[in-house]
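Take this structure first; my questions come after.
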Amino acid sequence: MGVQKLQVGMAGLGRVGKLHAINFLQKTPRAELVAAFTPDQNEIAWGRVNLEPHGVTLYTDYDEMLKHPGLQAVAIGTATSVHAEEAIKAIEKDLHVLCEKPLSVDVEVCRSVLEAAKKKPHLKVMCGFSRRFDESYRDAFAKTEQGLIGRPSIIRSQTADKFDPSGFYVEYAAWSGGVFVDMSVHDIDLTLWFFGDDSIPKSISAHGITAVQPELKKHKDYDNAVGIVEFQNGKIAYYYCTRMMAHGQEDTTEIIGTEGKLTVNGNPQKNFVNYYHSGGITREVPPNFIGRFGPAFTNEANEFTAACLDNTPLPMKLSNAVKAVEIGSYLQEALRSGKQIHFDEIGRRIEESKL
Amino acid sequence: MGVQKLQVGMAGLGRVGKLHAINFLQKTPRAELVAAFTPDQNEIAWGRVNLEPHGVTLYTDYDEMLKHPGLQAVAIGTATSVHAEEAIKAIEKDLHVLCEKPLSVDVEVCRSVLEAAKKKPHLKVMCGFSRRFDESYRDAFAKTEQGLIGRPSIIRSQTADKFDPSGFYVEYAAWSGGVFVDMSVHDIDLTLWFFGDDSIPKSISAHGITAVQPELKKHKDYDNAVGIVEFQNGKIAYYYCTRMMAHGQEDTTEIIGTEGKLTVNGNPQKNFVNYYHSGGITREVPPNFIGRFGPAFTNEANEFTAACLDNTPLPMKLSNAVKAVEIGSYLQEALRSGKQIHFDEIGRRIEESKL
Amino acid sequence: MGVQKLQVGMAGLGRVGKLHAINFLQKTPRAELVAAFTPDQNEIAWGRVNLEPHGVTLYTDYDEMLKHPGLQAVAIGTATSVHAEEAIKAIEKDLHVLCEKPLSVDVEVCRSVLEAAKKKPHLKVMCGFSRRFDESYRDAFAKTEQGLIGRPSIIRSQTADKFDPSGFYVEYAAWSGGVFVDMSVHDIDLTLWFFGDDSIPKSISAHGITAVQPELKKHKDYDNAVGIVEFQNGKIAYYYCTRMMAHGQEDTTEIIGTEGKLTVNGNPQKNFVNYYHSGGITREVPPNFIGRFGPAFTNEANEFTAACLDNTPLPMKLSNAVKAVEIGSYLQEALRSGKQIHFDEIGRRIEESKL
Amino acid sequence: MGVQKLQVGMAGLGRVGKLHAINFLQKTPRAELVAAFTPDQNEIAWGRVNLEPHGVTLYTDYDEMLKHPGLQAVAIGTATSVHAEEAIKAIEKDLHVLCEKPLSVDVEVCRSVLEAAKKKPHLKVMCGFSRRFDESYRDAFAKTEQGLIGRPSIIRSQTADKFDPSGFYVEYAAWSGGVFVDMSVHDIDLTLWFFGDDSIPKSISAHGITAVQPELKKHKDYDNAVGIVEFQNGKIAYYYCTRMMAHGQEDTTEIIGTEGKLTVNGNPQKNFVNYYHSGGITREVPPNFIGRFGPAFTNEANEFTAACLDNTPLPMKLSNAVKAVEIGSYLQEALRSGKQIHFDEIGRRIEESKL
C-alpha cells in the first residue's frame, strides 16, 4: 500500500484520549497511530493491551514522544491544565495539533497557543469541538445557510450531563474553569458558528444553583447554571448547563430565525427502539457524550487528517476556540459576581462605573 | 330561551351509554336529554344520581320510554343484540335514531334496520362510528381529498385494546360476532370512507391466535387477529385487532397513497407530558377508547342533533354501517375456515368450486 | 329542571371574551350566561347573532350590566386597562369575579383588586391563568407532587406566539406592560405553582431584541426576550417569550428536578396526524393559544362555577396573580435597564448602591 | 504491525458491493481488502480510482480472483442469480464466504449452498441479513430475551423503499423472485430471530396490487403486497412490502408480546434535526437502506472477520437464510394463486384436496 498515512501520536489515554486513540488506530484510514503518551500507569496498562499489539509505541514522557521517528501530528487529550503547554511544544517541533477543548481555562494561556500557531502557518492546529463534526448540527447549519429560517436571531443551547454520584465533579471543579468554561463552551462555539465568528457580545448575565452537590460552593462553582449573552448584532444566545440529568446526556440546541426554527436533539434517543409497557411508552437516552457524539469524533479525526495531508483549510478556526473560552469566562464571572457585564461596540468591556 | 332543543331519550346506561347520556345532557347545547331507559338496576341507580336531578325521566321499559311526551330522538347504547330491534321500534314511532355500532352482528338483521329507515326518509338514522367524528381522522381525510397523498392505495388500520384481565371478553365473545365484527368494524368503516363507499371486495384472508385467553376458543374467537381485504379497485386494506395491549388503547391508521402517506395516531399519547427518568423518557397512553375518542363522541352528539333539527344530511350513510358488518363477517369466516374468500366484480361471492 | 345555575354576565366580547361567552353559554352545564357587555359595535353585532337568541341580554354599559336581575358572577375579558376597575365594581356589587390575566400591568392596581376582594371573603375572585386548568400541566404537577422528579430546581418555560404581520402588537405594546408582563406572566404563574407560592426572588436578569418589529422600540418593548429569575430557595426559572414563531403557538415548559424531568408540550402538535411526503414527515402545530388551551378555558369556566355554587376553594389564589405581575414587572425593568435586580431574603429590593 | 488481518476478496462492485468493499477497505481494522472482481467496466473504473491505489487487485474473472495469493475470504455482492454458484466455488476453494441476501431466489439452489457449506465445517459461510447487525434490532432482541414483553406473539414488519421512477424495478422483477423473496426476506429473517429458528409455518396468505408500476404484471409481480404467516407455535407474522414510498426508506418492525410491545423505527428520521416552518414541523427520512443500515453493514464486516480469524460461531445460521427464502417463496405463491397455503405440524405442505 503506497498511500501516505499521517503519523499520529496521542497524548493522554483517559476517557476521551482512548476514544481518540481508537479512532486514529482503527477508523481513520488515512492516519496511522504510531505513538501514545500518558503519565498514568493504568492508562499505560490499557495501552499495552489495546495499542502496543498494533504497533503503537507507548511513552510516559511527552517530550520523548515528540521525538518519535516520522511523527507528523499530535492529538492532545490530557488534562486541560497541560493542553496549552503540550500544544505549544508540538507546534515548536513542527507538528500538526488536534487539541481537545478547551485550550485552557485561562484566556491568556489560550492566546499563547494562538500566537504560537500563527508563527507556523503551514501547521494545522485545531481545537476540536465535536459538535461541529456532528451530522445533525451540520444539517442544521446547511439549512440555516440556505435561508430556511430567515435570519438566525435566538439560540438556546444546553449541555446536560447525566448525574455522576461519584463526587468526581466536585474535585474537578477546582481546576475546570467552572461550568460555563467547561460545559457551555460547546454551546458558545455553536453560537459563533451559527451567528458568525464576528459576533461581539454586548451584555452578559448568569445565575446558578447547587441543587445536588453543595460541596461545589467551595470552588465557587454550580451544578446548574443559566446564562444569557446578548450580541451587538441584535442576537441573543442563552445557555443552560447541568450535571444533574437523571436520564442521560441531553445536549439540545434551538436556532430560532425570523422565518423558522431548527432544533437539534429536541427528542433525545439512544436508538430506534420504543418499549410499550403498562406504564406507557419509553425510549432510552445515551448515557454520555460518547453515546451522542461518537461518530462526530470519528469525523473529526478523519477531517483533521485530510487537512494535514492535503494542506487544505481546517473546518474550524483556532481563534474561535479562544473566543469561546473568553465568553465562557465572562459568563462564569457574571455567575459569581451577580452583576451584568457590558461591552462596547468593538467588544471592550465597559467598567461598571461608566454605565 | 326560545330556542328549540332536540328532545332525546337514551337507551342503555352502560359504559358507552353513560358517555352518550352525559354528552346529550351537558355537552350538546341544542339537545335536551329528557328520558333514559335501562333494564339494569345498577344503571338505574346511577341515573338517579346523575340524570334525574337534571330533569331526566328514567324508564326500565324501552317501549314506555318511546312514549315519553315530546320525544324526538333516541340514542341506543344497549347490548348489541337488541340494537336493531330498538332502532326499528323507534323508527316506527317516527323518532330519529343514533345507534351505537354495530347495528347487529348479523348482516341480515342489519339490513332490516336499513329497510325500516328507507321507509321513513324524513328520519335521521345513523350508526355512530366515532372515528368519523375525530378531528385527526377528519384532518387526514381532508388532506386525502386535497390530493396530498395521490391515490390512496393501501390502508393499515388497527383496533388495539388494553388487556382486561377480568375475563369479561371471554363471555362477551359468545355473542360479539367475533373480533373482526366487534373491533375491526371501525377500521372497515374507515376504509370505506377513505377508499370510497363503492369499494367492492375482491378477496379476503384472515388468521388469528389466542395468546392470552385460550378460553376464547370455545366461542371460536381469538384475542389477536390479522386480516386482509383486497378490493376490486386495486386497493388493499389490512387490519390488526387485539385485546392484549399492555400500554393502553392504540388505534392506529395509515393511509398510503401513490404520492405520500398519512398516519393517524402513529405516536399514541395521553397528553403533552413526557417524563424523563433514569430508565429513559416515558409518555403515557390513554387506557381506553374514551380517553382517545371522548371528544369525537361529543362531536357525534352535536352533529346528529344538528341534522335532526335542521333536516340536513347526516355525516355518514347507514348503508356503510351494514357494509362494514358484512366485510367484518367475511373476515371472521375466513379466520375460522382457514380459506380465502373471493368475490366477482359486482361483489357476489364466488364459490370455491368455481375458482 | 330544579337545579340552580350560576347566573353569569360577560364583560368584553373580543377574541378571548367570545371564547369565555361560548364556554359559559354552551359548555358549562351548571352556569347560565344571562348578560354580556361590550362598548364595541362589532362585538355587539356578534352578540346579536350568537348570544341574544339564547336569551342573553346585551349591554353597552358595564354598570348597567351589573344591575342585571339575578346576576351572580361576572367574567371579565375586556382590555387589560379596565380589568381592575371592572373587577372592583363587581366585587362591590357582591358579585363573584373571573378576570382574564393580568389584573393590571401596574402592580399597585393589582393590589387594589386584592384589597377589595379581601373585604368580601364570601366572594370568589379569580384571575384565570389558563394553563393551571390544562390537563397536561395538571398531570405534570401531580407527578411532581408524587415526587417523581425529586425536588424541582430549574424551570424553563416559554410563551411563543405565531408571528402576526398585521402590526397589531406594535400598538398593543403601548399599554401591554411589556412582553414579560403580557406573555411571560403565564410562565411566572406556573413557576409559583411548581416552586411554591412562597418562592421569593433573589435576583433577576433579562435581555431582549427586536428581530422582526423594530417599531417596538418606541414603546421600549421587544419581540424576543429572555429572562432569568433566581429564587431565595435555591431554584431558578428562566423564560423565553417571542411573537416571531413561523409555525404556530409553542408554549413549552420543562420542570427539572434533582431526580428527573418533566416536559409539557416538548413536541407541539395540532392533532394526531403525520403527513409523509417527499420532503420528510410533517405535523402541524396549533396556530394560537386557543388551539392549544381551548379545553383548559372550558375547565376554568366549570371550576369557577362550581366554586361559586358550592362555596368551595378556588383552584388558585388571587395573590399569586399579583405576584406574577410583580415579577414580570421586575423582569421588564431589568430588560430595559440592562441591570440585574437583587432582593433580600424577605423579598425587599436591594438598592444598587448597597450591593 | 504484526497483527494478522483477514485477506478478503470482493465479488461485485454495484451499489451494495461498493458498500462492502469500502467497509472491508477502511472500516474493518482486522481485515484487509486485497482483491475485487466485477465483470462490469463501469465498476472496474470505480475500482481503479477507489480501490487500486490502496493495493487492491482488480479482476474481471471471478475464478481468477479466487486464485489471488493468500486470499482467505470472499464477500459476494454480485447479482442474486450468481450468488450461489460463486459461494459454492469459494467454499470449494476453502474460502470463508459472506454472501449478500438472498443466496438464491430458488429454494433448491439455496439448499445446494447449505450442502456445500456442511461439507466444510471449518469454513465460516454466512448470508448477511443486515438488520441482525443493527444496534436497534439488537437492543429490541435483548429486551425480548430479558422478558420485557412476555412471550412474543405477533410481529408486524415492513420493507418500504422510496419510489424509484427510473423503471429499474420493472426489469429487475424478471429475476428478483418477487417482492416477498426480494424485500420481505429481511422481515422473515427477523421473524425467525424473534420467534425462534424452529418456528414452523401453519398457513400463509398474501395479496398484492400494482399501484404505480402496472408493467410489473408482465412478471407477475406487484409494487405493494401484504402477507400473513401463521406459525404452528401460535404466533403470527404479517408483512408489508412496497416500492412506493414518497418520503424515503421506512423499514419498521413491531414485536408484540403478551406483556408489552417493542417497535423498531416506528418514527423514521434521518438525523436529530427538526425544521419548524409555517407548514408545521418536519423531519427528514433516510432515502435508502444505506442511510438506515449503513453502520449495520460495518458491524457485519467486522463480526464476520472476527469469526473467521478467531474461529468463533457466526452470529446467524446459514440454514435460516434458506428458510427465509422458502417462506418468502410460499408467500409469493399465495400472492399469485389467490389461495391460502397450509402446512402440517412438521412443516410439510398439505395439498388443497386434503384440507
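Read from first to last, the chains carry the letters A, B, C and D; within each, the first residue is number 1.
As a working rule, contacts are C-beta pairs under 8 Å (C-beta built on N, C-alpha and C of every residue); 3 or more make two chains touch, one makes a residue touch a chain.
Fair warning: this is a prediction, and the values are worked out from it, not measured in the lab.
**Student:** Can you list every chain in contact with both chain A and chain D?
**Tutor:** Both chain A and chain D are touched by B, C, going by the contact rule given at the top.
**Student:** Where the contacts of chain A and chain C overlap, which chains show up?
**Tutor:** B, D
**Student:** Considering only mean CA positions as chain centres, point out the chain farthest from chain C.
**Tutor:** Most remote chain from chain C, centroid-wise, comes out as D.
**Student:** Just give me the whole-number Å value for how far the CA centre of chain B lies from that of chain C.
**Tutor:** For chain B versus chain C, the centre distance works out to 39 Å.
**Student:** Centre to centre, by mean C-alpha position, how many angstrom separate chain C and chain D?
**Tutor:** Averaging C-alpha atoms per chain gives centres 57 Å apart.
**Student:** Hey, what residues on chain C touch two or more of the other chains?
**Tutor:** 149, 245-247, 259-261, 266-267, 270, 276-278, 284
**Student:** Within the complex, which stretch of chain B touches chain D?
**Tutor:** 149, 151, 153-154, 156, 203, 205-212, 224, 226, 228, 230, 234-236, 238, 240, 242, 244-247, 256, 258-261, 266-267, 338-340, 342, 355
**Student:** Would you pull the chain A residues touching chain B in the complex into a rising list?
**Tutor:** Within the complex, chain A contacts chain B at residues 245-248, 250, 268-270, 275-285.
**Student:** Using the touch definition from the top, list the residues of chain D that touch chain A in their complex.
**Tutor:** Going by the criterion above, the answer is residues 1-3, 25-27, 29, 53-55, 135-136, 139-140, 143, 148-149, 259-267, 270-278, 284.
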